[in-house]
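Pasting the structures in now, so scroll down.
Across the two complexes that follow, chain A remains constant while its partner is chain B and subsequently chain C.
Now for the complex of A and B:
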């Protein structure tokens, strides 16, 4: 039996054939995916349906079709699931007139947990020096961190973060990413949405990609790339006498295009393993030295670019 | 040699109990109280609620002062009894509820903070009910404390033990009358606030509906349109209040139209229920 990479073996959060439409506009269409302990990146361009999917997962929005569950329970039917779920929404869901400390304390009270962890949560997001200032005076990045602290104080099993790194500076971003990774390592289910590819690539081992409201790809980023057999791989090859090598490669059935730039060849191939066998043999025949042989498009950015282009 | 230590600043999991829905409801209730009274806000936010509370209390304290000085409440009681006092404080209650309802509901919806509540062990009903409960507490106290002051002043002059024994029912009667005013005004104020983007606009609209609507109904009733007598929420509340207190402080529109006080009470309950459903539906759709 084969299982889709979009689903995990022991899910804590599941979306089954979920769709959501607002009048004529279809925001999410027939998405089935699940999330388990660890960090999963929910990736998609702006307007792809990530926020809608997350809001359905958290029960803030009803599904037009399909179902969602957290720990096997529909969050819109049983509010008890929220005892162990925390959401950091994309919008500025904070009270400007409250200080960060009061806001995080209120979050602890609303979730019925002890206030003992308030200062710790604020310290963890490095807001302790501004903890008693009104949130209205905060920068965007500080407000984001206040929201994250308000989620962390509840010590959730499932942490859903919608674009949590928006407005944060690079140092804060790296720090927050480290927090999310640490929570994931401790067995929490952490779902982070982002339209910034580099962020997702840095923090998530597993990716769910949404494009135009539909599930575009899921799984480990390298596995996703390998599954896209119809799109040729782009390779960078650094080799002596590149023009001689290029002339031989262009005759190969495994190569669809070759570009020469200085000592570097850029080759497109639909059969990477075959080329991996053929090229060293060719180098030996020609008596030239091969120094670099690496895929150029296994980054999340290039995979994502392919996914978006394919949808269009 | 200097010694050093590196502390683990890592996250420590919560190990205590999770109070769940009860804890969340209490938190929303307390937050509502703070918001209505402007607590933990800048000083100017406290001015309005405490000026209103003072304005409601001062006449009572004045009457108590005169009664205590004269050692007699007889004449004053006829002129400024509990039922008449409500006719004065209801105006303050109307303004207070108008602004407090907006302050309780509008910022949450407009600032997107409803998701703070929607992702907690809390239903939409809990949220709306706890917001209403916090306003009810403040309004009931606002309307009732002056009566408590009057009661204690009279008890002091009239012989404490005997006066309390003979008149203790006035305490719960005035408390019920206070809640009647809350039930008559607050649901409509909440409903308007639930569909408004600005608290001040909601307050103005609510006061306009109650005052202009009330005047219109009163005029129509006087012109013979008796069937409209139950459409004046303010007079319905006054009519029921007099019924509860066993008084007749004014001729109310429903009374002039020939309706019984319990009919006015049913209208208050019915309007409150409809408004609650409206507010609930609005907040459920806005989660």
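Now for the complex of A and C:
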């Protein structure tokens, strides 16, 4: 029997054939995945459906189809499950008029946990010096850390973080990643969404990738990295006499396709460095001026679209 | 109880924060100012009559509904707008408890403002009549109608982002229009809840309030029951909406 890499043996969080549509728009389509203790990265470009999936998992959104559970319980049916769950949402879901200390205390009061952990949670995200300032005065990164502190104070078994590193500087980012890793090592289920592959690589060994609301890839981050190795790069090249250049490029072993639009060439290559060497030489041979040579779609989105096409 | 009180505390700061407090505070002076100028040369009896002709109506038909609308609709509506609703919903608390705490905070804030407005207007009457008989009943009337208005607008604020607009239409078309044009509808008027309590507490006012009271029987018990039933129904309905609905849009 084969098991999908998107599911784990002893899950704490499960999404089974989950779909969500808003009117005509399908945000998440038939996604089955699960999460267990440890850190799992939920990876995908902006608008891929990560936030919608996380909100369904947490019970903030109903599913249009399929089901979700945390510790075997549908969070929309039993609010007691929130004793063990905390979400750090992507948006600025903070009370600007409260200080960080009062905000974290509010979280403790609402979850019915001791206030004794408030200072510890604030210290953990390194906000002690600003703890009594109104959150409205905080930078984006500080707000993110305040939200993380409000989640940590409840000591959750399941910690869901939606783009938690947005707006943080490199030092804060490294610090937060270390916190998430530490929680994962202590047996918590930590789910971190991000649209930045490098971020997820630093945090998670296991990744679930979502594109266009569908499961694009799942499993070990290194295997997914490997799968990306043969992705063709698309380049935009602005050059004089583009048709002459295109005719020469199409014969090159480094180029898999060329299209010409006005003065612009769009070239697909699987060997970017080789083409980077070849093209200036070719321009010199033909006596034409090269003005633009840039990757057109180096974004994560294109990478994952490629993965989706490959799956099909 | 700890979570309930925490929500009440934060909601009070939320709904009374910023410029809202100043605007609503200024509005609350209007009945007292109207009473002051309209009764400047009035005798005690005339001042008593004048209070029931204008300031009391202003309090129950304009000041209270507008204050209750802004505060009630904002109690949950602001959380939705600011994306903080998920902060409340992802807690081991019953949805009705969240709405109940929101209601208590909104009712306290509304009552605080309108009671101050009613107190000021009554103080002017007292200066003219040498009697404080309208003060207590005015505050009681406002507190009772405030409970009904706040509860209804709380749910409205959860249902639509245009709650203030819808609420103003309700206040000026329904409360100030239809329920006066068709006396039979007085039974379903939120401002009349307070008015029936007021009329029972100030028997001399019954003849002056004959028109707005219509066929309603003055009584504090009935008014209290009505206000509590409306508040409880709205809290339960709001809890149901929170549980069933999506806390975040696309």
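The criterion applied here is as follows: the second predicted complex is superposed on the first by the 224 of 312 C-alpha atoms of A that agree within 3 Å, B and C clash if a C-alpha of one lies under 4 Å from a C-alpha of the other, contacts with A are read in each partner's own complex, and residues count from 1 in each chain.
Everything below uses one rule, namely that contacts are C-beta pairs under 8 Å (C-beta built on N, C-alpha and C of every residue); 3 or more make two chains touch, one makes a residue touch a chain.
Values in this document were obtained by computation on a predicted structure and should not be read as measured data.
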{"item": "Room on chain A for both chain B and chain C (clash or fit)", "value": "clash"}
{"item": "Superposition-derived comparison: chain B or chain C, residues of chain A touched", "value": "B"}
{"item": "Which of chain B and chain C A:116 touches, first, second, both or neither", "value": "first"}
{"item": "Touched partner set for A:152, first chain B, second chain C, both or neither", "value": "first"}
{"item": "First (chain B), second (chain C), both or neither touched by A:25", "value": "second"}
{"item": "Which superposed partner A:94 touches (first chain B, second chain C, both, neither)", "value": "both"}
{"item": "Touching partner for A:124 - first (chain B), second (chain C), both, neither", "value": "first"}
{"item": "Touched partner set for A:80, first chain B, second chain C, both or neither", "value": "both"}
{"item": "Contacts of A:182 with chain B and chain C, given as first, second, both or neither", "value": "first"}
{"item": "Contacts of A:106 with chain B and chain C, given as first, second, both or neither", "value": "both"}
{"item": "Contact residues common to both interfaces of chain A (with chain B and with chain C)", "value": "58-61, 79-80, 82-83, 85-87, 89, 91-95, 97-98, 106-107, 109-112, 150"}
{"item": "Complex interface listing, chain A residues touching chain B", "value": "58-61, 79-80, 82-87, 89, 91-98, 102, 106-107, 109-114, 116-117, 120, 123-124, 150, 152, 154-155, 179, 182-183, 186"}
{"item": "Touching residues (chain side chain A, partner chain C) in the complex", "value": "22, 25, 27, 52, 55, 58-62, 76, 79-83, 85-87, 89, 91-95, 97-98, 106-107, 109-112, 150"}
{"item": "Chain B residues within the chain A interface of the complex", "value": "9-14, 16-24, 26-28, 30-31, 40-42, 107, 111-123, 287"}
{"item": "Chain C residues touching chain A - in the complex, by the definition given at the top", "value": "2-3, 5-7, 10, 13-14, 17, 82-84, 86-95, 243-244, 246-250"}
